[in-house]
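One chain, chain A, appears in both complexes that follow, with chain B as partner in the first and chain C in the second.
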Partner chain A sequence: MRAMVDLGNEPRVLGEKASPVVRGGWLAAGVGLVAALALGALSGQGWRGFFFAYLHAWAFFASIALGALFFVMLQHLTNAGWSVVVRRLAEAMASTLPLLALLFVPIAVGLGELYHWSHADAVAADPLLQWKSGYLNTPFFLIRCALYLGVWVWLARFFVGRSLAQDTSGDVAHTLAMRRRAAPAMFLFAFTVTFAAFDLLMSLDPHWYSTMLGVYYFAGAAVGFFASLILFSYLVQRAGFLRRAITREHYHDLGKLLFAFTVFWAYISFSQFMLMWYANIPEETLFYLHRQEHGWGWAGLALVFGHFLLPFLALLSRGPKRRKGALAVAAGWLLIMHWLDLYWFVIPVQSEHATLNWASLALAVGLAGALMASMLHRVRATSLVPERDPRLMESLTFENA
Partner chain B sequence: MSAIPLDLDNTLERPGERAPLVLGKSDLASITEQVCEIAERPRPSREWWLAFGTSASLTFVLFAMLGYLFWTGLGVWGINQPVAWGFAIINFVFWVGIGHAGTLISAILFLFRQKWRTSINRFAEAMTIFAVICAGLFPAIHVGRPWFEYWLAPLPNQMQMWPNFRSPLLWDVFAVSTYFTVSLMFWYMGMVPDLATLRDRARSKIRQIAYGIAALGWRGSGRHWHRYERAYLLLAALATPLVLSVHSVVSFDFAVSQLPGWHATIFPPYFVAGAIFSGFAMVLTLLIPVRHIFRLESLITPRHLDNMAKIILATGSMVGYSYIIEFFIAWYSGNPYESFTFLNRALGPYAWSYWIMFTCNAIIPQLLWFKRLRQTPGLLLVISIFVNIGMWFERFVIVVTSLSRDFLPSSWGVYWPTWVDLLTFLGSFGLFFTLFLLFLRFLPIVAMAEVKSVVPAAGLELGPHRGHGQYWGEIPHQHDEENER
Partner chain C sequence: MSSHAEEKGRLWGLLAEYETVPAVLEAAARVRDAGYRYFDVHTPIPIHGLDEAMGIQVSRLPWLVAGCGAVGASTGLLLQWWTNAVDYPFIISAKPYFGLPAAIPVTFELTVLLAAIGAFVGMLVANGLPQFFHPLFRLERFRRASNDRFFISIEARDPKFDPRATRALLESSGGRPVLEVEG
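Right after this comes the complex of A and B.
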């Protein structure tokens, strides 16, 4: 068993050290956004490319924040002890949800470019869209999105706020309240994430449907989140914080979860693909057919190998999960793969041929910068661990038996 | 040794502390005594004989029905066109689903460091194996001519005939047999130290020899334990994907088709959640009476029941989620056949079965939000039986409603089971309970060696060892030094 870490000597408040990163983040946000807007303005085909890139980038970063919210709620639901030292970092990631809600505005603006079903003439010419118009219409879509965002922001504020409040009061009532609310919160989470995936992603191709899509988006979100949390912990430690609090035991567990969700993602995406391929029903296979042609097949193959087979082999054994450098490399790789997964989902609707949408790259930088800056700005005055969580001791001395 | 009061409410877990998982006089010797005593009674109770007699008679009915089936042919069943899959496939999916709790508890909960599983894993694993035996029976007899069963295996042969490798029905053969093999291995390997305990305590020659052979020469040396723990971890890791794969492949049997109500991409995870749901329900159905009869309340505490009830609530909600999503997408797809199928399920000739399913699976388990209910074993038993019923009807709904009314109204039909169908199904319960009663009679029904690793006597409270599910903080009321051994 490990001796206890004396948290008193552990640097755990970012303070002024965060300022350069915050400034850099805002700078990246500005540069990325301006570059993306310039690319949109200069492209010959209007703003369509920009909005698709924006939706992709938003869905990517939202998935990470949602994964973080899921993780935080799950830790309370299961009364987990091991994870307390990394939970504040996850809370910080989940607390980007209000900014993400604000960043949703461009999607609402670009609705006409993004969603075929939002055009009255398209609906008039298409009996299927007429059938769905009770659900797929602009006002109802916006109301639903507002509802999802509202629920997420509300949940994030509750779980992050209570955790921060406990830092000062040390009151266990906060822990009990979070534990009590975690289960119903999971219900809200499951349904809002599912329908958000249906609305934002599935309805890009309004003829296509898959009952699995909510689970698919969630599986990717979990991979993206665990990869981000590992990277975040790694970088925070590189900067000199929590160096003894977060140990290889915690990385080991995070690595296991990253591995598990990588396999889960593969299971879900393979099942979805296999069932559609096997049944070969036109309105379903169209989705995959399009993503196998015009070069998109390469992206799909890259996912098979890069999102599953390679990381599966890399993370299978104990060693790489316990070496934070190696684990951080795998996490970075999987984060890129999760980005590619959503790219492969969203961008083929906009572009028949496989291309690199440069605006996507610019927006990845831009949104990453903005979210990082706002996140670090938020947490810089607070401790990076839940200081007075009653399970902190358990987490600090945690060992993989 | 210390004793934690039996009436301590260990479902309450104050933040920062871990509740004890074993109550009462929980030193190592008394655990051995308590568990071994059940298998060492000189003769079983009258109730055991009564139960055994009933289930053995039902097993006899099963074999009589099989004989009749083989002699006469599949015409004795209710299956026909268009419903060519009837009770046999429903029962297969039902039983194989029940067979999911054991591996989940022994593999996945092990990897998640849920130490409370130690009190119930042996029990659940045994139940898994018996359920998979019952499950395997049904497809085997459904092929019609069971003497050609070996055609399912890809055996090189003169006729150059091979099974269709693209068929999920063949994948099933591999998935279920792999699952059975691994579950059996896991169960047996985990039992070796306990079998050795029974061997060492045996008084008669026959028992010494029988348990001696089964214990494989286990002596409990440090090296034995070291290798045992390693093997256990590896088997747990290997069994974990099996928990998902078996019922996923079973769901493929349906979902690869184009039939509305069968072809849904959510089927694999939905089936897995349903399997765990039904498996845990069956564990509770069996465990609550057994716990009461054999006075195992100190080992299988209110916390264990509470946790199992929560897993039933969680997986039941996943099943409910799938029902809702399927319904929504059936409408959203705009596919008239999809919409029809789901409306037909809810309002058509088999609507009663749909509403039994929906009530038992999606509504009744929601009562488990109430803590008082989770802690009343009698009510929990009732709910778990409802879940068993509901999950059987789920498979009935899937198989029968979709087949009986598909694309062409001219080819619609109705399905009703015959008395042979019903008696065969009843007989499978006989087989299940016969095996289960034999297990209760002769084997250690609680994993003694594993439970001993989570009791205070294991010395965990002496140092700040904070592995998950172990003690952290003060253990309430355990300081009676005078009982120290």
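Right after this comes the complex of A and C.
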């Protein structure tokens, strides 16, 4: 049994220490956005490259925030005790969803550049798009997107708000309310994420369809989130906070989840690939054929090895999951791979030949800066752990058997 | 259990009884520090930190599981390659004789199957199971190991074992009573 950690003298409110990071974040946001806009304005192809890069960056950061929302809901659903000391960090990440909803606006503006089916003349010339036009049309698309974003913001506000309210009141009723609503919330989450992936990503190529794409996006989101949470915990501890509250036992469990979802991602992406490879139906195989030609094949191979084989071997045994330095390296690597995974999905629609879309890099920096700044600005006055969660003690003394 | 006259005096080991988790944890650490290797702790509930108190090393079973998994993977791949591409080449739905994507599911299943069998059988063998009788079962008191008492048993085959010194160690660590177990 581990001795009880006394939180009394443990630094756990960021306060002024967050200010330089917040300022740096806004600076990165400004620089990244200006650079991406400049690249878009100077590009010979018009704004097409910019909007594809923007959709890619948005889908990447939204996936991390959605993974965070999933994690928070899952802890309440299963009444998990071990995770309480890292749950506030996940809540902070989930609370970027309102800003992400606002950042959706450029995608709505760029609809015509992104989605082939949004042009009336393209639909008129294409029988398949005519069949799909009852679902794939601009007004209905925007209504659906507003619905997804609304549901996510609502869920995030509920679970983050109740947790923060408990810090002051200490009322167990908050925990019970969150537990009761976690199950229906999970259904809402699953449906909205699945259909958001269909609408935002799959309809980029409206002839192609995969019923697995929703869960594919979710699997990547979970990998991206657990990698981010491990890095977040690591950096917060490096800055001198929660030094004794988050132990190697918590990293071990986060590492197990990162490993599990890396394998899950591989399972889902291979299942999607193999079924299409075997059935060999042209409109399905076109997706993979395109991503095996003109240099894109290298990105796909990089995913097979970098997103699965390498991290699988690195995280398989107990040791690396319990050493936070090693785990943080693996997490950083997988975060890059998750970025590449979405790049490999989105950018080939824009560019037949494999290229590095510089606006994608600029927007990765820009959105990361904006989201991190707003997140830290929001959490700097509150504690980094749910102070009066009834399971806090269990989490502080948690040990893997 | 009956004990024949000629078996009388063949000592299997000593058994000490404890009432609380902290007491048995501390006693286990003392037995470990005294250098004993053939000893065990019996408890009705899982105790966190017991592995460390007993000085139990990290299990080598994962290496066996990894080896079995590797054998499963290579068996799965070789079997499909040999049967489909070498022994009886046959074109099925315009696929290559040996197409890696099609071979993955069977390879995966065989990997999991052999790794799981390796883990299961390896665990049984490493624990000396199945075992239908144990000398500790001779003691009526030992039944409380599955109810409300904690026990430490030290085997006589331990090189450090000495009937008097070992008993003294167990008694000084709080074991009440310390009983002899016949082999």
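The working rule: the second predicted complex is superposed on the first by the 401 of 401 C-alpha atoms of A that agree within 3 Å, B and C clash if a C-alpha of one lies under 4 Å from a C-alpha of the other, contacts with A are read in each partner's own complex, and residues count from 1 in each chain.
The definition used in the following text is that a residue touches a chain if its C-beta (ideal position, glycine included) is under 8 Å from a C-beta of that chain, and two chains touch if they have at least 3 such contacts.
All figures in this text were calculated on a predicted structure; none of them were measured in a lab.
With the two structures aligned on chain A, chain B clashes with chain C. In the superposition on chain A, A:V263 makes contact with chain B only, while chain C stays out of contact range.
By the touch criterion stated above, A:A190 is placed in contact with chain B alone, chain C being left untouched. By the touch criterion defined above, A:V109 reaches neither chain B nor chain C. By the touch criterion defined above, A:S317 reaches chain C but does not reach chain B. Of the two partners chain B and chain C, more residues of chain A are touched by B. In the superposed model, A:K132 lies in contact with chain B only, and not with chain C. Of the two partner chains placed around the shared chain by superposition, neither chain B nor chain C is touched by A:A124. Of the two partner chains placed by the overlay, neither chain B nor chain C lies in contact with A:L356. Shared-chain residue A:E399: touches chain B and chain C both.
Shared contact residues of chain A, touching chain B in one structure and chain C in the other: 1, 274, 278, 280, 399, 401.
The touching residues of chain B, counted against chain A in their complex, run 13-18, 111, 113, 241, 244, 248, 252, 255-258, 263-269, 317, 321-322, 325-326, 329, 332-335, 369, 463-468, 472. Listing the residues of chain A that touch chain B in their complex gives 1, 4, 79-82, 127-128, 131-132, 135, 172, 175-176, 179, 183, 187, 190-191, 194, 198, 207, 209-215, 256, 263, 267-268, 271-272, 274-276, 278-281, 283, 389-391, 393-394, 397-399, 401. Residue ranges of chain C in contact with chain A, taken from their complex: 21, 25, 46-49, 58, 62, 66, 93-95, 99, 101-102, 104-105. By the touch rule above, chain A contacts chain C in their complex via residues 1-2, 270, 273-274, 277-278, 280, 316-318, 399, 401.
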